[in-house]
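Pasting the structures here.
Two complexes, one shared chain (subunit A), two partners (subunit B, subunit C).
So, the complex of A and B:
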């Protein structure tokens, strides 16, 4: 069923569509419901409901000038737009807008890799360039740089960075938003702006110095709605000669604190890539006595049963990029550091591979560590090789042959980067599950942090991400929505903010950041109203609602 | 009379040459479609539905593995071995999505591109590539 953008008459919408057609060509203005279908969030909790966040149309420009023309026409008729790049940000809403009835600006046709400089280690790309496109571009030319890819390689460099996406290699590269070196943006009035050195006509150092002079507004465009980014620069990692891994285990639960301290030290000296934490004790959860102890956070009993089973409590896999000799020296240094504070830690040397690695090495089953320890490190992302391996998780598997995860959603809370903070957060998260879903059994005491961003920990309350896999009824999905909203509220009460969310939950996450009567949101919306008085660009994105649509904040399924 | 017969023969020969040329052109066009379909399949489909191994020792990529579980050996798990996939069937799956496979927009693959992928799959299955 055709829908109209909110606040726009049928006559004006028809005129706007005509102007969009004049800008991009009739073929690239999409109004047919069948062709609109892929612009929905395929994993939406509200799928097929009357209030599902679907667009009214899509318009697909192929150039900056066409984007400008679309924005100007939208201003004329006050048609809300919602820009997407590759549209594959699943778990965070996919291509769907925050405001039902928006017109999606699909930038996938703008898919040119404009520049890769293997001496300066930078790139400049258009919005539609996926990780797979970029990898292919580099491989075909034999360039000696690597990318830091998201888990699912069909996503795009720009869109991922603009949603503060993350990767797996060295710190400066895996914080994708921070790896941005400058951008070109179509502002809400249709004007074109460049940031950093790009703001200087004739500059030859756009990708070298992201700040230029004066305030750098490029951060405003991540998880925001202040413009449509049409070019973005990135810092790339030069291809190292060698990659080495090693596994460190510590025996007791409280040893986690010393383990994190050591890893933080190496992270902040830029010695290691992303560390991968996990607990070998997950393998004991089938033991009733251990499970009880884990549920009760009975640390002495957990330590006793772990020791009786010959397992250490925690492990971290470290990875080193460099030369064969420097990576060896750094691994040996890591072992020295942990043994100073936890003398009975175990250190196992892991992979030692010349880079770039081969496909066979990525696919290999052999893992270097002795039982009961094993590697959970996924080699392709550590080597910047985009794949879809992770897309196994929401789909049909041997463990789940008849159901799939119809409401694939990502929610991860920011937790302080220390062992103490993680051990406390585990208890807090278990308490949140108990309060949100009384009677549910959830072992949180073995949940380990994700250091996707080098400077903090993310902790996933995975219980709620998977709890409805077996209840895909509309009622089950709505129940999940209510639970997730409650979880976000309780997270905030406990001091945990979430870092990213699908549109349906962005107002709830923005609500968490309420210091001084929402001073941050009021600032963001003051800026929004000043530069986008008609409120046409992605209303609601990041919880930022322009004046014209502010009454719609939190209105969906409240 | 002789001239008329010769003229008819000449016309017939010309017609045969034209037919042959037409057939060759069509074959060349088919080959080009299959080749472009292979490129699209490799770029857009093979990461899930290809024949490669998966990571950490898993034998199959996610899409191939899902079809193995679904068909239990009654149909090939690999799309490139399927002879029953018409262009309409492939178009439906690509544009509507199925299970965890999301739908693809026409900015990602055009209708002609889907037809080319269909032609490639049919050719691959026939020639057992």
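So, the complex of A and C:
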């Protein structure tokens, strides 16, 4: 055995493995280094280094009872566990644990779709069910519901929801964590608990009312380490009759404020799915004068050059789900709303498709808008069809085989959901780049928000995603890690918190949420110590370290 | 655009795979493996087609790598593996290789051999 769990002797680890084998069968306890290999983060900054976050072994239970037995054995020998569903979200660390030497509890064998109710529009699934599994289950049965898939369709419904993943359709569905309708959890002592109506024996409405009675602890299991979720309910979107899109552009930089106000209004009335913002001015960045103006946030000059080039400054693509008539009425309403406040806005009708759409419609290359405007909307996710189209980061891409980057990290900051807040954040982000890497040139003034969660704007500091390309040396990667940590610190100083991170950066993100001397962290760790006194479940996840391992907070490449 | 020039170094690939595909090098097989059921080829690239043509695996079916890798996996590759054909080979881009070997890991299949040549990778995945 190359790696031992921290604080566990070789003899005790061997005994623990024997008990794991008794629980799940010898075949499903994995210790062969070759076979443990897939439980790494392929794109880790610390890849192949002595402190890379890798497990000591993996165990693959097939039932709730087996999960319980594994947890009880881990308690006996104080072996830290790290549970994964499909473990394929590589932007956030893939299957890698927070604590090197943990035993991965791989729940892929628990991949049963337990129930889909197309009248109540709910589902109950096990942890290993991927978006593709669920999509195929629905397709094969001709059910009149649709899923809201993540970009990368090999991910798991449950794992994505528990990491607060997001999607693209209507608001209640694309906030995957919030679409949860109840769960069954193996607690750190091996006991089984259900939340919501599931806590009532014989309940006939588990997926209908997520709260039940009293405090609802289900939120604690997202980005946390208080239990292993073994069943989760989801609200599903009934299949609409029709899907319609449209593009709205506004001419001046400051018109972004009115554009966001209009889109927020429609979002909060549940009229539109995810709006896709972008700037047609990205196409002018090759023009030296425009680039200078964009770098300097010279708004008058940016507006002048945009007008001279016949381009509007901002665009948003809207999507409507409903019937043919209601989607048309809602599109026309959206155009009325924007023209009231920005009379020289342009509105272009887009797709109008009967649902469910065909594969050919999803993959159609043509887009309906006149140059210089174009669609950046990905139809497959808007229709809940899982694909891997977005997977481009690892190694050499098909499109640019000579340009590649071995690391792959997602970091997105939460900013205020208004046009004013976005325009301010753009300046702040550019300033953060200057402070982190003096002399670097980065245009942030065209960065647009991602509204994956209907109530939230996420803004990515894309500079650090591209600046390290072609520098795959260990030193280059460590420099990248240090820069990212500095960025997270500066983000917090400017009032921006990040919503998600790979294990290597979770302590840094948790540090951002430090109100009242880290009252939130102290609360989380008080709960952790109470329910997991041996600290065996996913130590460090979400920045929550149990007493047994608390000294390891922020210890990796500090 | 990947062209024939990327076949420079393909002899390395053939050498690496020769343990499993004796016809690629004229050598005797160094190891015995379950039969290769499928050879996945990214047919967009002439070099991939040419290299795949050098691999001889009796009974193997050649399938085209499609843009929709997930669909290809679920419709063709995974069912073949689950029917007992536990080795698959391919000549694809790095991206295609990564996606397929990551999916294959769920069936406890591992990368037995790989060779990079230009932007293409030839590979063999199966039970150790």
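As a convention for this text, the second predicted complex is superposed on the first by the 550 of 558 C-alpha atoms of A that agree within 3 Å, B and C clash if a C-alpha of one lies under 4 Å from a C-alpha of the other, contacts with A are read in each partner's own complex, and residues count from 1 in each chain.
In this text, contacts are C-beta pairs under 8 Å (C-beta built on N, C-alpha and C of every residue); 3 or more make two chains touch, one makes a residue touch a chain.
If you're wondering where the values come from, they're calculated on a predicted model, not measured in any experiment.
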item	value
Joint occupancy of subunit A by subunit B and subunit C, clash or fit	clash
Which of subunit B and subunit C A:154 touches, first, second, both or neither	both
Touching partner for A:475 - first (subunit B), second (subunit C), both, neither	neither
First, second, both or neither for A:140, with subunit B first and subunit C second	neither
Subunit B versus subunit C as contact partner of A:379, first or second or both or neither	first
Which of subunit B and subunit C A:50 touches, first, second, both or neither	neither
First (subunit B), second (subunit C), both or neither touched by A:365	first
Touched subunit A residues, subunit B compared with subunit C	B
Shared subunit A surface residues [contacts with subunit B and with subunit C]	34-35, 37-38, 42, 88, 108, 132, 136, 153-154, 363, 387-389, 391-392, 394-398, 401, 404
Footprint of subunit B on subunit A - complex, ascending	30, 34-35, 37-39, 42-43, 58, 60, 87-88, 90, 94-95, 106, 108-109, 128, 132, 136, 153-154, 359, 362-367, 378-380, 387-389, 391-392, 394-398, 401, 404-405, 408
Residues of subunit C touching subunit A in the complex	2, 67-71, 74, 93-96, 98-99, 102-103, 105-106, 108, 110, 118-119, 128
Complex interface listing, subunit B residues touching subunit A	43, 47-48, 52-57, 61-63, 65-66, 69-70, 95-97, 99-108
Subunit C contact footprint on subunit A (complex, rising order)	32, 34-35, 37-38, 42, 86, 88, 108, 132, 136, 153-154, 363, 386-389, 391-392, 394-398, 401-402, 404
